[in-house]
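Order as written gives the chain letters A, B, C and D; numbering starts at 1 within each chain.
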Amino acid sequence: MIDKTFASPDDALHDVADGATIMFGGFVSAGTPSNLILALQRRGTRGITGIANNIGLGDLLDVLCEKRQLAKFVATFAIRASGARKSLFEEQYARGEVALELVPQGTFVERIRAAGAGLGGVLTRTGLGTMAEEGKRIINIDGADYLLELPLRADFAFIKAHRADRMGNLAYRMAGRNFNPAMATAADVVIAEVEQVVEPGEIDPESVGTPGVYVDRVVRCDPVPVRWYG
Amino acid sequence: MIDKTFASPDDALHDVADGATIMFGGFVSAGTPSNLILALQRRGTRGITGIANNIGLGDLLDVLCEKRQLAKFVATFAIRASGARKSLFEEQYARGEVALELVPQGTFVERIRAAGAGLGGVLTRTGLGTMAEEGKRIINIDGADYLLELPLRADFAFIKAHRADRMGNLAYRMAGRNFNPAMATAADVVIAEVEQVVEPGEIDPESVGTPGVYVDRVVRCDPVPVRWYG
Amino acid sequence: MAGLSRELIALRVARELREGMVVNLGIGLPTLVSSFLPPGAEILLQAEDGILGYGAISEQDFDPDLINAGGQPVTLLPGASFFDSAASFAMIRGGHVDVAVLGGLEVSERGDLANWYLPERGGGSIGGAMDLACGARRVIVAMTHTARDERPRIRRRCAYPLTAPACVDLIVTDLAVIEVRPEGLLLTEVAPGVDAAFVQARTEAELRLSPGLRQMDL
Amino acid sequence: MAGLSRELIALRVARELREGMVVNLGIGLPTLVSSFLPPGAEILLQAEDGILGYGAISEQDFDPDLINAGGQPVTLLPGASFFDSAASFAMIRGGHVDVAVLGGLEVSERGDLANWYLPERGGGSIGGAMDLACGARRVIVAMTHTARDERPRIRRRCAYPLTAPACVDLIVTDLAVIEVRPEGLLLTEVAPGVDAAFVQARTEAELRLSPGLRQMDL
């Protein structure tokens, strides 16, 4: 019998080693794997390359800066131009203690999808004529230029869904989908935090957002309430 | 009030002109827009470039060959190597009366998705070292070769869903999804045949397979039973 | 003091929207547009995080999974749908969003937009801005006409790093409505209490005057 | 007459499958494998048309929306899911299918597969074959050892147009089980009543004999 459930977030992270590249699903408060992030903080893993849409915006990823667990981050939103109180990540970035690769959000998810779908890259107009094109190949197709953006994958993906079964099928809730389904396809080990574990068949086959084939570990947790206030 | 419903398939096809490029959703019997195909036959439109996964395999597309409405077809499955009774399409193809572009199925859907998603093309290993690479650019990325496959779009997409609302939101049923969601993103005019029209909000927002933004016309029809026997 | 409030800028932008349009509202001033939509018209608001058809911002019963791209709680209208980020940006980049309303730091006379990075603060983030600027069928920039230090934001060339070149179709500020045309910037409307010379004096780029130049109808 | 029936070829292929594997069965002979899955093991069958976790083929109550890639009606097992073709081929091409069992016209000594086009009939269709041959982690070809005219199907080079080069991992025929290794073809099992010389005589490519060569355990 296939059984991918783990007893705790800490158990599910047992083999996350220093230097790992880790994707984190979630968009601000929606679909964010907060329990897995807190377990990663407890674990103390260092030299992490993190990949997430945002850090320091109502997510808990900023806690990984408390003991400098991050070496690099790939994100679409990490540094604010406003005068708002700085996140720990922003402070460490300003001091040159952590590297940042800033990616347009559509390119970000499409690069992850490309890695999961076996594609060689993404050909997009987004970023042409901006700082985002620096160092990248431009390919002309029928007279129009496109940036070649490379697939983005990770050792681990930490994702969040609403419900799961022991076979790893996941059902999402509202805007909690966001980057979770794409990230589930693009990492060697995919760990899903969910609010409920149900029997196979209880998730309507029409409502499975991520088929079990993509998920390696499932852990049930009470959600951690998070929110961003501008 | 947004209202995309049309009274009949024939009304919904009122501006399909000779020479049109038309995508047809469906995989053999699943999710096939049979009523729209029959309306296209009645309309007598000629010089059509058709785009569909299959023709002559339990779908009704072969009826478009009865009065030679097809000039060209793009498909993954159209000509059988077996000694089975030939479809009209196979006969016309053998006589050189209709052109055929045969595409690997994954490349087929990814080219359609690329057109709908504003991408410049698809970089895939499928087809490398085969007849499918003829005439195509090969792009080397980090030491590996990829075929550059170009986006595929159409003037019209004829698709099939289970339920719709007047705003064009569509819900699919089981394997009736197949190419329909991708095709809905990649044509100038998208016409959906559905079994039921319901009020906005009756389709659970979690279960919308194609958001209304992609759909121009909705027509309710009793499904036409089709089946392929090997 | 001449010039529209932020709310009136949002109101003027809302006048550009029609029934059936799919509209993405950027963080900040553009978000205010949702309060001024033409009553009764079905306009579909798209949020990058995967919602089409959201409604008013509501502080009641905060649900972490039901937020707009700025993290604010929103309500749902009948006919709404959810989808993942790949589908959301396929929608944006594939030309299926009719209008994107974006904030701006600078717009150039050929419609280049800079709105993501402030060199003097050494900060900025891209989010969905580059995708929206490239992918939406029509890009409306809503911003104050000048920066806090009175430096014009509408310039011959942008000094700040670009979000996308030649992407802006319409600029709505506290002082004016300006169309970006192939031949340059066209001043079509001025705010109440303001004339064309007043606007030009606060604009680095050269403005041509529309033959139909008029005061904004608010 | 020596050699396995089609059902026994399918049975032998099924012995390669383990609990938890995601398996795609091609049209024709490979479809028969679904009848011989190890009892009690949860093996997830994937169909290109957008199903993971289908079960037996069932002719009762034909539902046009519940078919495998060959158009045959199937049942669903608990834990099944549906998805569209883009997701289905992302699964196949992204290396998420553990095993693809494909029919074959010819296999070369370096594992090239030809299975989609018969020049003498001037016909053939690609379907999902090229994607499965390229994308599945392990490709098993199930076919008769020789064609109807007794021409060997396992050859030094394929004469027919390729489905994909160097993609086959294992060949299961009515006469033998053969592994495709970097150094060439390795005969590991022979059918009951058949020996290595018998197999080699019906194989154009050179077979190396496995030190553990044995009769198939059926």
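Operating definition for what follows: a residue touches a chain if its C-beta (ideal position, glycine included) is under 8 Å from a C-beta of that chain, and two chains touch if they have at least 3 such contacts.
Keep in mind that this is a model prediction, so the values were computed, not measured.
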Path length in steps (a step moves to a chain that is touched) from chain C to chain D: 2
Of A-C and B-C, pair with higher C-beta contact tally: A-C
Between chain D and chain A, distance of the C-alpha-averaged centres to the nearest whole Å: 36
Centroid distance [mean C-alpha coordinates] between chain B and chain A, Å: 33
Inter-chain centre distance, chain A versus chain C - centres from mean C-alpha coordinates, in Å: 29
Set of chain A residues in contact with two or more other chains: 110, 113, 117-119, 124-125, 172-174, 205-206
Residues of chain D touching at least two other chains: 82-83, 89, 93, 134-135
Complete list of chain pairs which touch one another: A-B, A-C, A-D, B-C, B-D
In the complex with chain D, residue positions of chain B that touch it: 27-32, 53, 57-58, 75-81, 83, 90, 94, 102-107, 109-110, 113, 124-132, 172-182, 209, 223, 225-230
Chain A contact footprint on chain C (complex, rising order): 47-51, 62-67, 69-71, 82-86, 88-89, 92-93, 116-118, 121-131, 134-135, 161-165
List of chain B residues in touch with chain A within their complex: 110, 114, 117-125, 139, 141-142, 144, 146, 148, 150, 172-174, 205-207
Chain D - residues contacting chain A, complex: 19-20, 22, 42, 44, 46, 52-53, 76, 78-83, 89-91, 93-96, 134-135
In the complex, chain B residues that touch chain C: 1-2, 113, 115-119, 165, 167, 169, 185, 199-201, 205-206, 208, 211-214
